[in-house]
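Note that the chains are named A, B and C in the order they appear, and that numbering of residues resets to 1 at the start of each chain.
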Amino acid sequence: MGWFSLLFGPDGWAPLLLRGTVITILLSVVTVPFGFGAGLVLALLKLSPSRPVRVACDAYTTFFRGIPDLLSLFIVYFGLQSLLNVLARLLGDAWRIEMNAFVAGVIALSVVVAAYSSEVWVASLKAVPPGQAEAARSLGLHPKQVFLLVILPQLGRVALPGMGNIWTILVKDTSLISTLAVSDLLRAASEASRATTRPLLFYGAAAGIYLIFSIVSGVGQAYLERRANQGYA
Amino acid sequence: MLDALEGIAGFVFNLDLLSTYGWRLLQGLRITAEVVLISCSLGFLLSYPLARGRMSRNPLISAPALAYVTFFRGTPLLCQLYLVYYGAGEIRPFLASVDLWWFFRDAFYCCIFAFTLNTAAYQAEIVRGAVQSVPKGQLEAARALGLSPYAIARHVLWPQALLIALRPLGNELIGIIKASALAAIVTLLDLMGETRFVFARTFDFSIYLYSALIYLSITQAISRLWNWIEALLSRHLLAGRPATMVLGAATRKGQGAALDPLRAEP
Amino acid sequence: MNVAKVLSLIGLATCLASMSAEAKEWKTVRFGMDATYPPFENVDPKGQIVGFEVDYANALCAKMHVTCTFQNQDWDGIIPALLSGKFDVIFSSMNMTPARAKKVLFSDMYYATAPVWVAQDSNKSNDTSFAALKDKAIGTQSSTVFANYLDKNYKGIEIKLYPGGDEPLLDLANGRLDYAVSDILVTQGFIAKNPGCCRIVAEIPRTADIFGPGVGAAFRPEDTDLAALFNKAIAEADADGTFKTLEAKYFKIDIRGKK
């Protein structure tokens, strides 16, 4: 059967691939606030004066950055399942919480992204000149205002290259979720290629789509960096 | 309640598991080590011509190099692995006709092939970035001294470039160790593969944690080893630093700053 | 900042929408299947899970007056997923082995077929003894009764284990494997779709310790009421011929095995 009809014919697999693409994009986009947000919180905790807190956060980061992402995803995925199981037993049968694969995937990815991004956030927090915070405080701004209005915008500029890197890693890590039966793009390509025994066609198509993501992300990142660096030499 | 707490403690640590299946994990570790070392070395060898190609002024050479690097850095490694492993199966008649089927038939070689191509792209970019970071003044001075292009490359450019590239290359090695876990998905029984095998047999979650500890020890050991190598190889750079930095370490806090002519005192 | 807020709200909404507490009375039953096992279950181009077991499950659900939903789940993690509440029943050609019966509750048996050795068409030998297979590449799906059989009787030969049910046959067809072990009906379906690729070499006798009496649905040990509902529905489907009709539609033989 010609490749065109395999993709676009009446029994074509293109709609499934398209749905997989949407899931991949959704997975990546939904993970961003949770993963990067948790990473920022982690970074702030790492700069805390309390030593146990710093040690705990460093341990978390070292653990998830030191093991394969695939293993991290498995640990969070199966660990979450077991945890929910134990919770259900503790709280009684009536409280069994159901969690779908997409949410589990987002949580697993967020845990990994938080670990990676916390390093970038820490470096960025240290790169913002301390004079900025001092000046803001001396102007009478409340600590929360100091952070939100003065530090955070400057953080963005310094953190952008590192974050862009982590975004790339995130999009590629969504492909690992395919091993956990979430129907993302790579999973759709796997199912299609197994049913039709035409792996080159479907994995090639998936690779092409990922490549487009990658190029678009690169262009987007360059644009954001140009804008963020507008006022600077 | 106590029962449930016991349950939580029970599923995290299970020492019998280790005694029964620990040898399997070690077997897997050996396969992982083989895959990582071979892919990393071959990738390093491949990265040199690739980096040269990227830096070439001839578009006929730099365009394919750019395409290669963009493809292998822009698509997930798992996708590349599937393409190699399953794709080879699809073009088997062709491979058999050029007597290459014996290579692609084996999951081990397929993994090495895919990982090598992938890491070569990343290493090429690292090396290229490092070469372009060597201060231009170095090259100008070398040319002014009348050194031949070969001598410049051999004694001035590449030693400094490789030193700059050392840390990112170390990170890439750690990256390959972590990425090698994907080999388990194409039936290779490396450390991750054996972990999944044991989990499928026992449904005991703690095997994943033991596996994680093994990976963690390896990456931490490599990380520290690399730091040591970097410190060893950049000893000579310490001597060239401004005197203040050396003095600052020797004097007590505050006095070092006073001796620093470059720092404006508020 | 607005973008971040919107993204967070989308994320939060997605999470909340997918969490729900399950009550004891069975109105909806969630099925978990490893949809890589045609013709029992596989994914069609529209992304739906289809196959004999899907049709059979729908028939049973009609008799039990419940709504069925189907989820795809990798075979390796299918029992942990059931036990942790991801779905309520495994309906995926799971053989009722004594080892599994320790972890899950099984329904009555609804089919029992023979496992077979499969080889490439060009391989005309019917010898499946250890000596003959010693340096051959053998493969099957991991965590299956086939894998356990091979591990027990062919220790010492490297067995390749695949995550998906159709993968051993696919790799046999493209020459990576010399022999594969799979179910007879799955193999016949595969050979029908790929004529000339492979042939069934020999049947493997179903011993009780490795294979159990047959295939059944698996439940969490505490869901005895659901198991009872299923057994009742299975009996009803047998009595009114629903099972026989489906059996005839997909297979031309009696899949309950010799009684």
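Assume a residue touches a chain if its C-beta (ideal position, glycine included) is under 8 Å from a C-beta of that chain, and two chains touch if they have at least 3 such contacts.
Keep in mind that this is a model prediction, so the values were computed, not measured.
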| item | value |
| --- | --- |
| Starting at chain A, fewest touch steps before arriving at chain B | 1 |
| Chain with minimal offset from the mean of all protein Cα atoms | A |
| Between the pairs B-C and A-C, the one where more C-beta pairs touch | A-C |
| Rounded Å distance, chain A centre to chain B centre (Cα mean) | 21 |
| Gap in Å, rounded to a whole number, between the CA centres of chain C and chain B | 39 |
| Where chain A and chain C are represented by their mean Cα positions, the distance between them in whole Å | 33 |
| Multi-chain contact residues (two or more partners), chain A | 78, 82, 179, 197 |
| Residue list for chain C, restricted to those that touch at least two other chains | 80, 163, 170 |
| Residues of chain B touching at least two other chains | 89-90, 185 |
| Complex contact set, residues of chain B against chain A | 1, 4, 7-8, 11, 70-71, 73-80, 82-83, 86-87, 89-91, 174, 177-182, 184-185, 192, 195, 205, 208-209, 211-212, 215-216, 219-220 |
| Chain A partner contacts - residues on chain C that touch it in the complex | 4, 7-8, 10-11, 14-15, 18-24, 36, 42-47, 71-74, 77, 80-81, 83-86, 163-164, 166-167, 170, 173, 194, 222 |
| Touching residues (chain side chain C, partner chain B) in the complex | 76, 79-80, 103, 139, 142-143, 160-163, 170-171, 174-176 |
| In the complex with chain B, residue positions of chain A that touch it | 62-63, 66-71, 74-75, 78-79, 82, 86, 89-90, 171-173, 175-176, 178-179, 186, 189-190, 193, 197-200, 203-204, 206-207, 210-211, 213-215 |
| Residues on chain B engaged by chain C in the complex (per definition of touch) | 89-90, 92, 101, 105, 107, 185, 187, 189, 196-197, 199-201, 203 |
